[in-house]
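Questions regarding the structure given below will be posed in turn.
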Amino acid sequence: MFVIKRFGHTLRFIGAYTAANVQAALEYRASFLMQVVSMAANDSIWLYFWWSYFQEYPLSHGWQLTDIVVIWTVSACGYGISACVFGNASNLATLIMNGGLDAYLGMPRNVLLHVCVSKSDPMAWGDVLFAVGAFLIFLHPNPLTFALFIVLALLAALIFTSFAVILCSLAFFLGNTEGLASQLMGALITFSTYPMNLFGGLVRLLLFSAIPAGFISFIPLQLLHHFSWLLFLALLGFTALILAFAAGLFQLGLRRYESGNLLGMQA
Amino acid sequence: MSIIEVDGLAKTFITRERGAGLANSLRSFVAPRYRERAAVKRISFALDAGEVLAFIGPNGAGKSSTIKMLTGILYPSAGMARVLGYVPWQQRRLLAFHIASVFGQKSQLWYHLPPQDTFNLLARIYELDMNEYRKRRDFLIDVFDIADHLQTPARKLSLGERMRCELAAALLHKPSIIFLDEPTIGLDVIARQRIRDLIGQLNVEEGVTVFLTSHDAGDIEQVCRRAIIINHGEIILDTPVARMKRDYLKVKTVDLLLEDAADELLKIDEATGQRRLSVQPPGSIHEELLDTRGITILKVKGHGLKLEIDTSLSPLEPVIAAIMDRCHIVDMTIADPPLEEIIARIYNDKNIGTQ
Amino acid sequence: MQTFTARPKRSGRQRFLLVLHKYLAVLRVSAANNLAYLSEVFFRAMFLLVFIFVFLQLWTVTYAAKGVHELGGYSINNIIWYVAVTEIIALSLPPLSRQIDQEVRSGQIAYLLGRPCNYVLYRFAQYLGERLVRLAINIPAAAILAWLFVGPPPISLFSVLAWLPALFLALIIDYLIYVAIGLLAFWTEDTTPFFFVVNRLALILGGVLAPLAVLPQPIRGIAEILPFSAVFYDPASTLIHFNVSAFGWALLQQALTLAAAGALLFVFYTFATRRVSINGG
């Protein structure tokens, strides 16, 4: 009972912040609209390109044309939600380096969660808009399938966020990892948008571990083709694992931060 | 009832030494040398509920480290502290519900949103009951007189208006202790006075314990009742402000711009060979000169005259009246000595005392 | 009283040299500035690694599926080198639009417009400095990676020589486009969306991902009509798949595109300066 109450509190907390972030973005209405539209347009252009590409050069091994839509929309939606709701996660390395974490430490909330939700990238709403739109248009899903899509996108968002947190938390130990973090994040996004058919054994291993693109788009693709509880649980399991790892690494680093002895930091 | 108890609190920072240049970088990688910096050296004090404390010291004295330890952001190398019964670095989140921090230079208000929205967000963060929150919010709006500014985006508010909103935001969750860091920095005289009054009012009416850090002597004099001075990580002085004023803040610097040449008011004292102020006390019939014990000439240039007056020996008013009697004063500035000077003086005195 | 404001008389040749030196100096300072970011090198290489790897997989699978060794005259080796070259150009783009945008918003542009040397040329020297440094970083990184993956490049001395002017023209065209976008800051709150969309379109329709002949329809049709290929496809195909007549046409297309972009920029610039004088900077 207590757990449910706490969970409710946390959701309300996240909701309040997301709302505030959207409000702040709406202060510049025209700009916000343009950003969202251009992002959606950008994604659409890419999808159109790949759609044409795979129409002209279809892949074998049971590859359907709509598969590219699924891959793109799930990863775009996941990334979009991650950047809208937990938009400050990628900023974590900078906050660690310049002591910005202090403000969050003084607040009565879980530090990691608070940091992640406190800022948002308004452009990413364009990704979400695009993803939902494209999924509806190309796949004509029934409500159940659409619900599954949303759930999978949410899981993908958690994986994206955890990935960013892990990379940025390395800043506690290694100094400024901001550049590295953004590069690897880019790699994750890139790999998430290509069909797994392209990659061989060793790379697939990589894509299901260190750069978990497989869990972001490939497994959801399988689940949307043929739902299997086993596979779904595996995905849930991995998401929980990467979340726990991210949170744990952050806590470890936070301990170090609180000692004030960080590399190259001014006391 | 002690609300803050600090016992032998100490903090030493250990950083890896890094030299410049490639050779040094390699060396520091292979055989690192560590440098220790003792920021806080075993300090102890206790604060009762409802006190208004000025926590002062020059930059690098260990102020921020102490405050960070008291708020749980930093954990100490040695010693113990309890704030509201909690050990800050162990029970930080629990403690956070009962304290508030306001930084003069960093804002808690969202830049693009009106303060109203930040207030609502804070209500969620501190898990306040909505009805209670609304009552509290309206009360604070009234006290701080910010009703007109609530709907304006924070970026459009003046510094004074923003500061009042910041304070109101900090007090929404009814904290028992509020840590204020340079709350009046950058504010004009009127705004500054207003903030000081508000802090004083809240302390009296609500019993909020105030822990203030400031470089402004005016803040200390008017708002605080007790002062702790820290320097080089050690507490140099822990005394009621009234006594500090009596003993150390009694010196004022008076900067005058006169109509006549400043030289005309001065005379060389044959005994010491030094220049001294030579004016008659106001309304005096005799030729007797003003007693200038406690008046030191700091600077003479053309029409400008800078004096340092020890007000315990020589009250300000007669001196100024005497000068005014003699010649027209074009401009005058009366200033407190800078905090660093007061502390230096205290340090000196303490040294002399222990010898 | 002597007047120091009168400019000394110089011969035409002397003035030319002075002007040249002035711009070279600007270029040198700008280049030095960018060399400071050595970590950039590493990250650029990382990105190229991922990109080239993914595209190699893509094309290998595609070629195998079609059961061919060549598409549009490009073998796998050719196409990977092609993509490497286009990426070298694409990645070397400095954040020009953002810089211009900031200069407009900060009002600094009013000050710069008043400088004796023409703002556009001055800015071009700066841009060239940045771009050349980035190119210098990208070329070895991309070349080494491509070589590792598919072997030596299909180039000849001739194609390299032909490539240079095509590349230079491409850089100028890019400059004109992105300055124009940056100048939109006079009229819009945020130029990022415009930059974003134009950049993406240029990427796809300009032939960064594949030579035009290989692009799927209907994209190929659209790309052949639009002038984006002047920036990527023309120089890259010149280098990788040199063909005299194609080279001639490419140069012509580039020249026309340059003229069009230049005209666009001129229009924007005129409106912009008018805006500055109305608002007083």
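In order of appearance the chains are A, B and C, and numbering begins at 1 in each one.
As a working rule, a contact is a pair of C-beta atoms (placed from the backbone, for glycine too) under 8 Å apart; a residue touches a chain by one contact, two chains touch by 3 or more.
Every value quoted in this text rests on a predicted model; they were computed, and no experiment measured them.
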item	value
Length of the shortest touching-chain route, chain B through to chain C	2
Nearest-to-centre chain - CA centroid comparison	A
Farthest chain (mean CA position) relative to chain A	B
Whole-Å gap between the CA centroids of chain B and chain C	56
Whole-Å separation of chain centres (CA-atom averages), chain A against chain B	45
Cα-centroid distance, chain A relative to chain C, in whole angstrom	32
Chain A residues counted as touching two or more neighbouring chains	28
Set of chain C residues in contact with two or more other chains	none
Chain A to chain C touching residues, read off their complex	28, 30-31, 34-35, 37-39, 41-42, 45-46, 48-49, 52-53, 55-60, 179-180, 183, 186-187, 190-191, 194, 197-200, 203
Residue ranges of chain C in contact with chain A within the complex	39-40, 43, 46-47, 50-51, 53-54, 57-58, 61-62, 65-66, 188-190, 192-194, 196-197, 200-201, 204, 209, 216-219
Interface residues, chain B side, partner chain A - complex	11, 13-16, 18, 37, 39, 65, 68, 71-75, 89, 92-94, 96-97, 99, 101, 106, 108, 110-113, 117-118, 120-121, 124-127, 153
Chain A residues touching chain B - in the complex, by the definition given at the top	9, 12-13, 16-17, 20, 23-24, 27-28, 102-103, 105-110, 114, 258-261, 263-265, 267
